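Listed next: structures, encoded as structure tokens.
Two complexes are shown next, each including chain A; its partner changes from chain B in the first to chain C in the second.
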Partner chain A sequence: MREYLNQIIAIVRKDFLTEMKTRELFSSMFVFAVLVIIIFIFTVDLSITRSNEVGPGVMWVAIFFSGAIGLNRSFMLEKENGCMQGLLLTPADRTAIYFGKLISNLGFLTLMEAFILPVFMVFFNIDLLPHFFPLLLVIFLGTLGFCAIGTLLASLAANLKTRDIMLPILLYPLMVPIAIASVRMTGKILAGEPLSEMLNWMGLVLCFDIIFTGTAVMTIDHILEE
Partner chain B sequence: MAEENSSKEISSSPGGLFWLTAGTMLAALIAIYLWVPTEKNEGIVQRIMYFHIPCAWLAFFAFFIVFVSSILFLWKKEREWDIYAHCSAEIGVVFCSLVLVTGPIWARPIWGVWWVWDARLTSTLVLWLIYIAYLMLRGQTEAESTRARYAAVVGIVGFLDIPLIHFSVLWWRTFHPKPKVISAEGLGQGMDPSMLATLCISLAAFTLLYCLLMGRRVALERTKDEIDRLKREKLYSS
Partner chain C sequence: MTLSPSSTVEPAIEVKNICKSFGFRRAVSNLSFEVQRGEFLTIFGANGAGKTTLLNILSGRTRPSSGTAKVAGFDVTEANPKMRKEIGVISHATCLYPDLSPLENLEFYAKMYGLDRPEECAEKAVEGAGLKKRRHDPVRTFSRGMLQRLTIARATLHQPSILFLDEPFTGLDPLASGALKDYLRSLHTDQRTLLMTTHDISCGLEMGDHIAVQIDGRFALMEPNNGLDPVAFESRYMNLITGGKEG
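Now for the complex of A and B:
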């Protein structure tokens, strides 16, 4: 068990070290997310619609779009210079590789969200601070589900010729439940409803997280097989 | 053994299943267009239901077969299960497309709009997109062994997603009050016996059609494998 955890930590550490050196992933994700928000502000007339209604949707679209870029990028780096080959040659368990990548993807995306939330708050004139903790929980659960299925599909798409386009095509229809649930819950929280009002959505997202982490653990052996 | 069977099947004239399907299909067409009375409120357009529901049933059934075959493939690693998953997904997408086409044709005169973001419609659309992605993935992967494994994973993930999609779109819209017209559940209840009988004949005809198409498609895929094998043999022997 200890060894298994060490393997996961080693992979996460490797990813963060690479990121610290290159700063490629984070900057491109963040800039892209800001651009998505700005494009939405230009296309949706905020003087007509109430920003509380459009806001959560825009925020999550920004997260999902830049998240897909991050997922693609994280496995592209492994493919370059045969890094994936090296990872597979180590005695690490395949599921440890999956969890390592999942945690580092989750880490990058959470970090990006930490920067994008203030931007969102300023541009949409929504005060997030009174609902900070429920919002944090909802964002974490949504991001976890997105990364759980995203990491599985990205590890698969990385071996395709057309990975840049195949990952979103595979990923977006499958994460429809997460998208709907996250946007709904965020909207309700911003409207001041307590978490107990959205237990069904919470349950749905938890089910999604558990089912797809489980499926990924069971099937990752078949994907990371050379 | 299996290959011998398939080559025979291709060359021979249509078998018993073909004639059975053709007969049931004809009976279904007669029942739909000549026998069953026209629905009082909806009029002639209601007859599309006898195609719409069997197509929907077939699409779901086909995707279920993809799911089961995908699991069996990952477990047994036999090419056979990969063929079944691939063929069933193709047939499922065809019938799912038919559902998405016949639905709006019916909805336009009845609901007054082509499309509403109702739970059932939305989940069918998302399902269609998932399996289109599945087939695209198959087209994009070159190596045969990788293709089968990747496709199997997506086949499993896609089917497990169906209940989650269903509940999410159900709650998504139920919190927004919608006009009462969208009660697709009402179709099954209070149906005239002759209508129910017609629907059953149509369901039987489409299920047989699935078996027939599946048999043909699987035979085709096996022939493809056989040709590949022969090509390779000739290439290396010469």
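Now for the complex of A and C:
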């Protein structure tokens, strides 16, 4: 078990070390997310529509769209110089590789969210601070589901020539339940409703998080095989 | 085919009737052979003969379509982590992260192999590869020879008892090639089992104590190398790959 955890930590550390040196992933994700928010700001008339109603949707679209860029890039890194082959030749369990990549992706996306939320607050003129902790929980659950299935599909798409197109095509339909639940919960939180009022939505996201992670654990062996 | 039939010890590599097809194309066809521990088998063959596919099967990266293969006593189809601890693979890909330094790359692999004191192991391996001065530079700035030395350090970091080498001399200058030969000799002296594919006949004959020629997925020839003459062997080899048949 200790070796298993060390292998997961080694993958996460390696991914963050690479990102610290290149800064490719974070910068592209952040710029893309800001662009999405700016585009919506210009297309939605906030004098007619209330920010609280349209804001959650825009925020999650920005997170999911920029997240897909990150997911694609994370496995491209492993494809360069055949590094995935090197990884698969180590005695590491395939699920350790999956969890390592999942935690890395979750970390990058969470970091991007930490930077994008203030941008979102400024552009939509919404004060998120009074709802900080419930919002944090909802964002974490939504992001976890996105990364759980996204990491699995990115590992699958990495072997395809059309990986840049295939990942969103495979990912977004599966993300619909989590996207709807996350947007609804964020809207309710911004409207000042307590978390106890949205337990159904939260249960739905949690279920999908577990299903996606379980599916990944069961299938990653076959997906990573050449 | 057996290289040393008298041996009673379990062979390092044991292949029985393996086949591998990609669609209608057969890359490996009904191949059977054994390699005893400490032996060095060189496999010659033209491009597309199935050498790389054979190495991929033996290292557990590709499943054979049929047949069985055991490496270090483990079935290659079972994706056994214990088997992966026993083997090292040097292929066309370096398997090195270009933005990380040699030290960071090897430390990462040392952790993945579960080695004790990974930092120390990586430091030692970088020094052994003669890259101490550039241990903090990103790998993408390295020359082909330096990359190959680092690739070998990566593949042998965990002291595997069996090493698979897929055309390891490709793109190396004579100096780097000589250094690699010396290193492989030292591994062979150290009783490691080596299986190497190459197009370079003189180099292959110089290194291997057994040789095989793979054509269309099967071994057309397999014999001990008792001082085979490179010129005579080359003419036999050319005869085999251009359609002539032998034993």
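To be clear about the criterion, the second predicted complex is superposed on the first by the 226 of 226 C-alpha atoms of A that agree within 3 Å, B and C clash if a C-alpha of one lies under 4 Å from a C-alpha of the other, contacts with A are read in each partner's own complex, and residues count from 1 in each chain.
Basically, a contact is a pair of C-beta atoms (placed from the backbone, for glycine too) under 8 Å apart; a residue touches a chain by one contact, two chains touch by 3 or more.
Everything numeric here is computed off the predicted structure, so don't read it as measured data.
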Examine A:18 and indicate which partner it touches, taking first as chain B and second as chain C; both and neither are also allowed. second
In the overlay, answer first, second, both or neither for which of chain B and chain C A:7 touches. second
First (chain B), second (chain C), both or neither: which does A:225 touch? both
Thinking of the overlay built on chain A, is A:88 touched by chain B (first), by chain C (second), by both, or by neither? second
Which superposed partner A:57 touches (first chain B, second chain C, both, neither): neither
Applying the document's definition of touch, where does A:107 land relative to chain B and chain C: first, second, both, or neither? neither
Given the touch rule stated above, what does A:211 touch, chain B (first), chain C (second), both, or neither? first
Just which bits of chain A does chain B share with chain C as contact spots? 225
In the complex, the residues of chain A that touch chain C are 3, 6-7, 9-11, 13-14, 17-18, 21-22, 77, 80-83, 85-94, 221, 225-226
The residues of chain C that touch chain A in their complex are 56, 59-63, 79, 81-82, 84-85, 87, 89, 91-100, 104, 108-109, 111-114, 138, 154
Chain A-facing residues of chain B, complex: 74, 126, 129-130, 133, 136-137, 140-142, 146, 149-150, 152-154, 156-158, 160-161, 164-165, 167-169, 171-172, 175
Within their complex, state which residues of chain A touch chain B. 149, 152-153, 156, 159-162, 166, 169-170, 172-174, 176-177, 180-181, 184, 200-201, 204, 207-208, 211-212, 215, 219, 222-223, 225
